[in-house]
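Both of the next two complexes hold chain A, though its partner changes from chain B to chain C.
After this line comes the complex of A and B, so read on.
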């Protein structure tokens, strides 16, 4: 598989095309892994399938978070807010008019009467998130470091407060119920693969290379002619679009929307996943989701209590322990391996690439 | 009118103390300490656990617990990360905060618990022709006294001098004989003391604690430190008062339709400040990033 077995008379063009193909290897491996999980999980019962589906939704969201935070190195706490926008927009567009009439009396007439198909709703949700990201991102992309952290946290809080109090449109503090639940393991898995492809294509683009240069050294990149704000904004909008789609799937997976589901807890979860995997590579994002989801699932099973089949022992952990262990794990990873499990490298056939 | 002012300043005082607690740590080690929320929540829970006992004892032990907690987090979580970039430290403090919060949920479950550490101060007094809640008055006075005490400490003691030197230029102050571990530990102890005071006063005002108890006040205090200028203690205190006063005034004078959105306005102002004065209203010296 390596280039050692190529003959001496190989043309440069062939060499280039092989290198070009080699660049795709991380993408192919990641897609194969996700597809494998999808096929494997579809053999199990509906309960397990739903757990894996939820994992895929996290995967979409973390990939969206990675597109901006991983490539730019700028802190971003607002991604869950864009999930919320996607979820609510899609909900309003796809709910049946009768249901809307019960829960949301103050909608404008055209919206109250409208019902679009799921795909239009999903794309509109993603597009709305991207549009909002364009507007709020335009000014705040100048910030980096702590300033960016505080500003994006402020954005998350503003979204939370507005969605939680805009009772006429979002149902406010009450839950919004009656979303069509069309999400299955198949469409969530395909959407996750789509998100990975999108993130990968972007990451190999000229624009993203410039952005990565600014991540390593903002001043040097600027002096080499990189327009840092513009490149960051591109990534921010693309990331928000992916997060919006993740929100759409989340809403139509649960069938119920609560603003509480789009606040600090999921923000922490997704950042944990990204940081644990290694926030500087797409492989890291995927690995983080798989590792944390699996661990969370195991801890959850342990809380329910389970018998080890081989031994005659019943394991039972007290409720709430899983969350504690998860947070401790996150802390441990930051302390001992700040670059995450993958160390910010992509996976290739020969192992990890820098 | 006077009642509104006392209200505004007692809220602002709490924010100022919290913002100072965050600012103290930030100024010496560039750590925006999200876990300050738990430095407030944990002593409040200590008050709950000890609510049957004499008030003085409950308060004293909650202060002690806050200090021990702060020293432990510094030693275990933040010391290994010293000198790493501030963004990673922010994420680390986020992790510490979540860990402690979930530990509290695990130990006490997430329902709200009643506390009333300062039941003595339930009444009110007449002052300048207005009914003033005694607790709010106490809050205001305590905050002012602590601010003065902290200023004296920083200006006139050896520790204070060392802390100010460390805030100005950490490496240089170490070269001149300031012990890094000691000065950072002092910052954490002071920060925890302030947090414990906030815990007592704030839990007396709200009457209950829950695992998110500290978070609500710390998020707003963060805003205050940013507005005031991260790394500048006077700025943090002024920012705290400013945020408290503005949010109370918004509460009183905003049309009722918009009142639920009050904090959204507050955070909108934060973004504006960050955009136009990225270093805050009162920029700290020595914070400018060198190339």
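After this line comes the complex of A and C, so read on.
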């Protein structure tokens, strides 16, 4: 091999590794943004910190929703149901036996007596959600469009009813109290970063490319050899795992679980976040959560009523304004910018990438 | 190459209904035998038998609504026949899923092209390559080769939605080629191209057969292209086989002249 060949090879090699680095840029920016928010918020008081922590939990859940819905293009209303599974499984594994004895009389003996550490509980919560997703996903992954919407909504309803009536294990309609509240802005922020990394690694995989192809054109994807059901199921299970972890954090953040917290309100909130940000990109998921959380917070403050000291005027918005504004925003996005704020692209140093 | 394939086909031409049908098609053939497809009352394809080998270019022609696309759908697993069998390399593959057939060497393009519009041209090709089991880096390199082969190198990083019509059609062919097909089914590849482009495409198709060593079944309305490109024709009309044979034979066939040319002109 001549010298020239060698140097040409070296250049190609450098190009390739630079290309690889460049692909990581969106991930690095998103992680930096979340880390920045985490550091900034930690300088504020406990009330503000708790609002941001809740935002991080939403972020985990919306990233989980994105993994399946964004990459497959298939409507999914069930993600909050998988949050519930994660939350209850972790609760049952980590609550103190004395507390369980007070609220849950019908637990099997081993479970009533057991108390695991938070990490085991969290991983088990995520794993349980993933396992359930594998079972319910198998029959419904061939659906798309309205069929998928109805099927996943049915799953959410079934989870809700089962959890709400399985009184011996979940406390049923009463609240389940006494979860260890170990969630801080730090571990929630790190979990959000973990969810982003997981979603990004998946999105760069061959499995996800096949899934995105099926999103663009299912028939053509089959002609390109794509096993559509299998690829969808992979994303559905991974997304459910991430949502399960979000549920774990939610439960141990509040310390109390109520089935109502895992039903329609958060379902539509998370879908709004994803759609507004742009459901075809991870950046869209993150941007949507940040924008909607910030907006919701401002509207909440406005509803409570606030005084602008400089102008000496009191602002007070009518109750319910927040929900109306969010719904109107969703409508506006769907009508005028259907790919969301990000247009379905990832963020890069130069702007947005396709 | 073209010559040898031609003589080979001449050799095998009389294999329309022989004892071979009893033991299925040979190793090198894709075959539909007695295929019938109906949509409600519409007889889209009625008892059609067609087979072609891995070095042949066969034209599937017929007026609009004749059932050409439906037959290709049946051959590629997108349409389950109501009766009849599909046979690939000696194996009965009737009822196989389309993605499995694609991975086993039956690739196709679509009349409506159907690219993955939100993905780049390179990703369109890589999707197909990866499903054949290639590693990522190998797929990337191979995609570059295939795009180069079809003169699409400078389009690799454009979104498929941003292509012009001719490029779009060639990307469709590139995606099918990425499946390493033994049998390539092209549904009106020259539709919408001008005369020069169509001619160029004809040459590309002929060289694909030689360079990739695959059999090609091409649906085409452009008779000049068909006559030049195909060694054998299969004519459908209202779902039924009207004529088969070499282009010259078919053109001389009175049934063809009546039904097809008569209707077209």
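Points to keep in mind about this one:
By our rule, the second predicted complex is superposed on the first by the 343 of 354 C-alpha atoms of A that agree within 3 Å, B and C clash if a C-alpha of one lies under 4 Å from a C-alpha of the other, contacts with A are read in each partner's own complex, and residues count from 1 in each chain.
Here is the rule we use: contacts are C-beta pairs under 8 Å (C-beta built on N, C-alpha and C of every residue); 3 or more make two chains touch, one makes a residue touch a chain.
Model, not experiment: these values are computed from the prediction.
Of the two partner chains placed around the shared chain by superposition, neither chain B nor chain C is touched by A:101.
The wider contact with chain A, measured as residues touched, comes from B rather than the other of chain B and chain C. Contacts of A:212 after superposition: chain C is touched, whereas chain B is not reached. When the shared chain is aligned, no partner comes close enough to touch A:40: not chain B, not chain C. By the touch criterion defined above, A:331 reaches chain B but does not reach chain C. Once the two complexes are laid over each other on the shared chain, residue contacts for A:226 go to chain C alone; chain B is not touched. In the superposition on chain A, contact of A:113 is made with neither chain B nor chain C. In the superposition on chain A, A:344 makes contact with chain C only, not with chain B.
In the superposition on chain A, A:275 contacts chain B only, with no contact to chain C.
In the superposition on chain A, the residues of chain A contacted by chain B and by chain C overlap at 219.
Of all residues in chain B, those touching chain A in their complex are 32, 77, 80-81, 84-88, 90-92, 94-96, 98-99, 102-103, 105-106, 109, 215, 219, 222-223, 226, 230, 260-261, 263-264, 267-268, 270-271, 274-275, 278, 291. Those residues of chain C that touch chain A in the complex are listed here as 76, 78, 97-99, 102-103, 107-108, 110, 114-120, 123-124, 126-128, 130-132, 136, 159, 175-176, 178-179.
By the touch criterion stated above, chain A contacts chain B in their complex at residues 73-75, 139-140, 142-143, 145-151, 153-155, 157-158, 161-162, 164-165, 219, 264, 268, 271-272, 275, 318, 320-321, 323-324, 326-328, 330-331, 334-335, 338.
Across the complex, chain C is touched by residues 206, 209-210, 212-213, 215-217, 219-228, 280, 344, 354 of chain A.
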